[in-house]
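One chain, chain A, links the two complexes that follow: it is found with chain B in the first and with chain C in the second.
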Partner chain A sequence: MAPPAAAYERRVLVSAAQHCYLRVRLELPDGAARPGAPQLKQLVVAALRELHGEVGAALPVDVLAYEEKSLCAVLRVISGGLVKLWSALTLQGFYQNRRCAFRVLQVGGGLPSITAVLCVCLAPFFPFLPFLVSNDLT
Partner chain B sequence: MSAPLRRLQQAPRHLLVCEKGHARHERSRHAAHVRDHAYNCRVSVLIPECGVLPQVLKSAVADLGEYYVVRGLSVHQLVAHEFVESFVRKGSCYALAYNTRIDQDNTAALLPTGKLILSVDKDTYEELGLQGRPSRYSGKKPMRYIITIDLTDSSFHPDGKKHKRVLWALKEKKPLEFDFLLAWYNSGAEGSTLMSYFSKNQIQALKPKVTFSTLRDLQCPVLQSNELQGKPEESCSTEELFEWLGAVLNQVNLDNVSSSFLSTYCCPQPNTIVDQAFLCTITGFIIPEKIIQLLEQLCCYFGEPKLAQWLTLTVHGFADSPVSWRENEHGFHKGGENLYNFVIFRNLDYWLQMALGTNDDCPP
Partner chain C sequence: MAGFADLNVPHGADRKAVQSLLEAAAHLGYSAVALNHIIDFKEKKQEIAKPVSPSELFPSLPIVQGTSKRLKVLTRLTLVVSDPSHCNLLRSTSTNIRLYDIIAVFPKTEKLFHIACTTLDVDLVCINVTEKLPFYFRRPPVNMAIDRGIYFELLYTPAIKDSTMRRYTISNAISLMQICKGKNIVISSAAERPLELRGPYDVANLGLLFGLSEGEAKAAVSTNCRATMLHGETRKSACGVVYTVKKLHKIEEEETVPACKKAKTQA
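Right after this comes the complex of A and B.
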């Protein structure tokens, strides 16, 4: 016998997510060595240690996804650690003695929220398309 | 705890509304939720146990319609009587300012209900001289104002004072000009098209971009349609599914161990491994009418026996849209998320998750 149709139910969850998610991009000068995924994680942990000490370095941060070609990564951190992680990334200025910068592209409380929107080819019509600008279909 | 320490541990507010119901119930609100969310930039469909585009979706995906990009369009042209009569009253007209930031720039949007929403900064508001209200998320000193003009109101006719005032404000006092994304849905009625109406402006017609991919050996959570909160050892909760779906869309590795250095994320338990899953992604300016058609066809997918227990439809809204659902004000804060996700089960039960950020109201 088929199960009965689901009754209507509504639940509202306010800040119930345990984690926050960030999409970041590492900017490096031309010719600098590109880090692999473990090196990137090491860099993030070093940044946390630099700013927030050993307690900061012990913050559970996951590198969920990493693309070496574009140096874009998706990071996951517990909600209470978002400010610490974001501030540590902002102030991280060096990778292997070369200047670097972390650009935080997207922040969200849910992982679907930081899905990078695929590029819509408006380039011939709009010659200048800044990366991931608002309302932009990039 | 002192205030600075408390601030160190604060995260932006995240709102997740989860609903469950049955798609064929007479009072089901699933279509209403889709209709109320006017501006959508990305639609993703994930069907487990499926390798190619299903037959039921072929026509829906082929018939996504067109949207238009108009460069340097003055807002007063959207208020013009001819435009209102030709497009706003006859069908659903959608317009959204393109390339503007909701927390910094002025922005305009036209809803299918005929309401023109202008989200402007304090200086522009004072120069415009139109009546509006301060933004709900502006703080003690309002720096942002929202002006709503009902173009289909009976008192808004060309001879009326209201119309003359609005036209004067937008044409002479403080002309506002944006690049717009436009779309029009008129259920088959004949009439002029946006392309011919705006032929003097730089207008270009575009089609939404569709991509397909097949995912192999995907771990999928086990769900029970009646259990939104999940049952330990039996099914996953709606929050776990939401996170898992984000992982799939972001191509995150689902197979980590707790001692792994890089990532400890793994698929929620209990889960099954499916040989293949079909992922279809549509990007562009997609109107709710097309999404409702897609949703209906996805419900028809289970008309024949299928291996899949459920499938998902995820819709992302624009981060810088001035409204989220209906006329609820939407702010960017740190993320600007406004998205919703349907999980359709074999028996046509559905789960709906609506996610919003800090500067947002609870959706209806």
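Right after this comes the complex of A and C.
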């Protein structure tokens, strides 16, 4: 009963995994300032705070990868916080007083299902970033 | 599975803006979009014009990403009613209203909400999300609307624009969910710019925030929208129902005339 594979497929897997991974892209109008990696994390936390308050802002969210050229990022959040994070990103409409939109491209329970590009340039910003090549694939 | 649909895209005068909205909707994965004309009766008398067919306005419709079909564009009319006399337009059968694919009504008072749910011939009842509801939902009209196949529409674009509207959207949605238990809900945007549109799965996630279950939230963007479009089609085509009842005949009687002809002559 499997449907034929389409060229563009979105799959949402909410399994018993510890973390959920989201691949998002920030759409900005032409000429708007593009955020760097720390600004993106700040924007995500601000969106959570606006919608879900201090409890939402305290949700453990990590930016695992961020490409400034295409404004694509891979976020990680604990499985229970997926709905909160996703809804906060959806309802975030402004970045620095310019309209913006978060497009959630992929959501998955494991990192292999999200094709990620781990930027080496993230290391100086997040020196505490755990290496997740082996740990989180349980 | 029913394709995703966004049933509220305001039809502005600028054709290029609407074209860019349609392209954004097709890129995000929506299979059908309804161009909404809003008529507010509080302003001076407005003429309800005949809907221009979308194929004339937009000669080349974009292809939905992920399929090979073109975006389906429907016409929709929303009537903002704040007085019972405004509903008379809906009851008359000779106006241009009948030509629209989907008809929605936006009641402003409790009495009008009751009338819209029980007697008016519409497909959608819009729920106000930009201000605190002046009335509480009651179970009898909502249950009658669900039986009649009328869907309640919630908008999500005001929640993106302003934080006060966000609170009103969520509180009005939650009070509606308490009464209708998540049935017959349609979530749509009222996006004026492509950046205000959100993808169908994002909107389904917003349904979870309003208190719907996962299946209901996804249905709010796909199955319920398709049901609304079919409701509009049947409203356009059928004026009444004729059904035949089989008459029971005695076995000894010899029938020379077929049963249907017999019934006609007898009547």
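Note that in this section the second predicted complex is superposed on the first by the 100 of 138 C-alpha atoms of A that agree within 3 Å, B and C clash if a C-alpha of one lies under 4 Å from a C-alpha of the other, contacts with A are read in each partner's own complex, and residues count from 1 in each chain.
Following the convention adopted for this analysis, a residue touches a chain if its C-beta (ideal position, glycine included) is under 8 Å from a C-beta of that chain, and two chains touch if they have at least 3 such contacts.
Owing to the predicted nature of the structure, the values given are computational and were not obtained by experimental measurement.
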For A:91, is the partner it touches chain B (first), chain C (second), both, or none of the two (neither)?
second
Just to be sure I read the superposition right, which of the two partners does A:10 touch: chain B = first, chain C = second, or both, or neither?
both
In this superposed model, does chain C or chain B come into contact with more residues of chain A?
B
Contacts of A:108 with chain B and chain C, given as first, second, both or neither
first
Contact-wise, after the overlay, does A:83 reach chain B, chain C, both or neither (first, second, both, neither)?
both
Which residues form the common part of the chain A surface touched by chain B and by chain C?
3, 6-10, 12, 83, 107
Contact footprint of chain A on chain C as seen in their complex
1, 28-29, 65-67, 156, 159-161, 163, 166, 193, 195-199, 201-203, 205-206, 208-209
The residues of chain A that touch chain B in their complex are 2-3, 5-17, 19-21, 37-38, 41, 60, 62-65, 74, 76, 79-84, 106-118, 120-122, 125-126, 133-137
Chain C partner, complex, touching residues on chain A are 3, 6-10, 12, 27, 29, 50-51, 83, 86-87, 89-93, 99-101, 103-104, 107
Over in the complex, which chain B residues touch chain A? Could you list them?
7-22, 24-25, 27-28, 41-42, 44, 69, 71, 96-102, 179, 181, 202, 204, 206, 209, 211, 225-226, 228-229, 238-239, 242-243, 245-247, 249-253, 261-265, 281, 283-285, 314, 316, 318-321, 332, 334-337, 339, 341, 347-350, 355, 357, 362
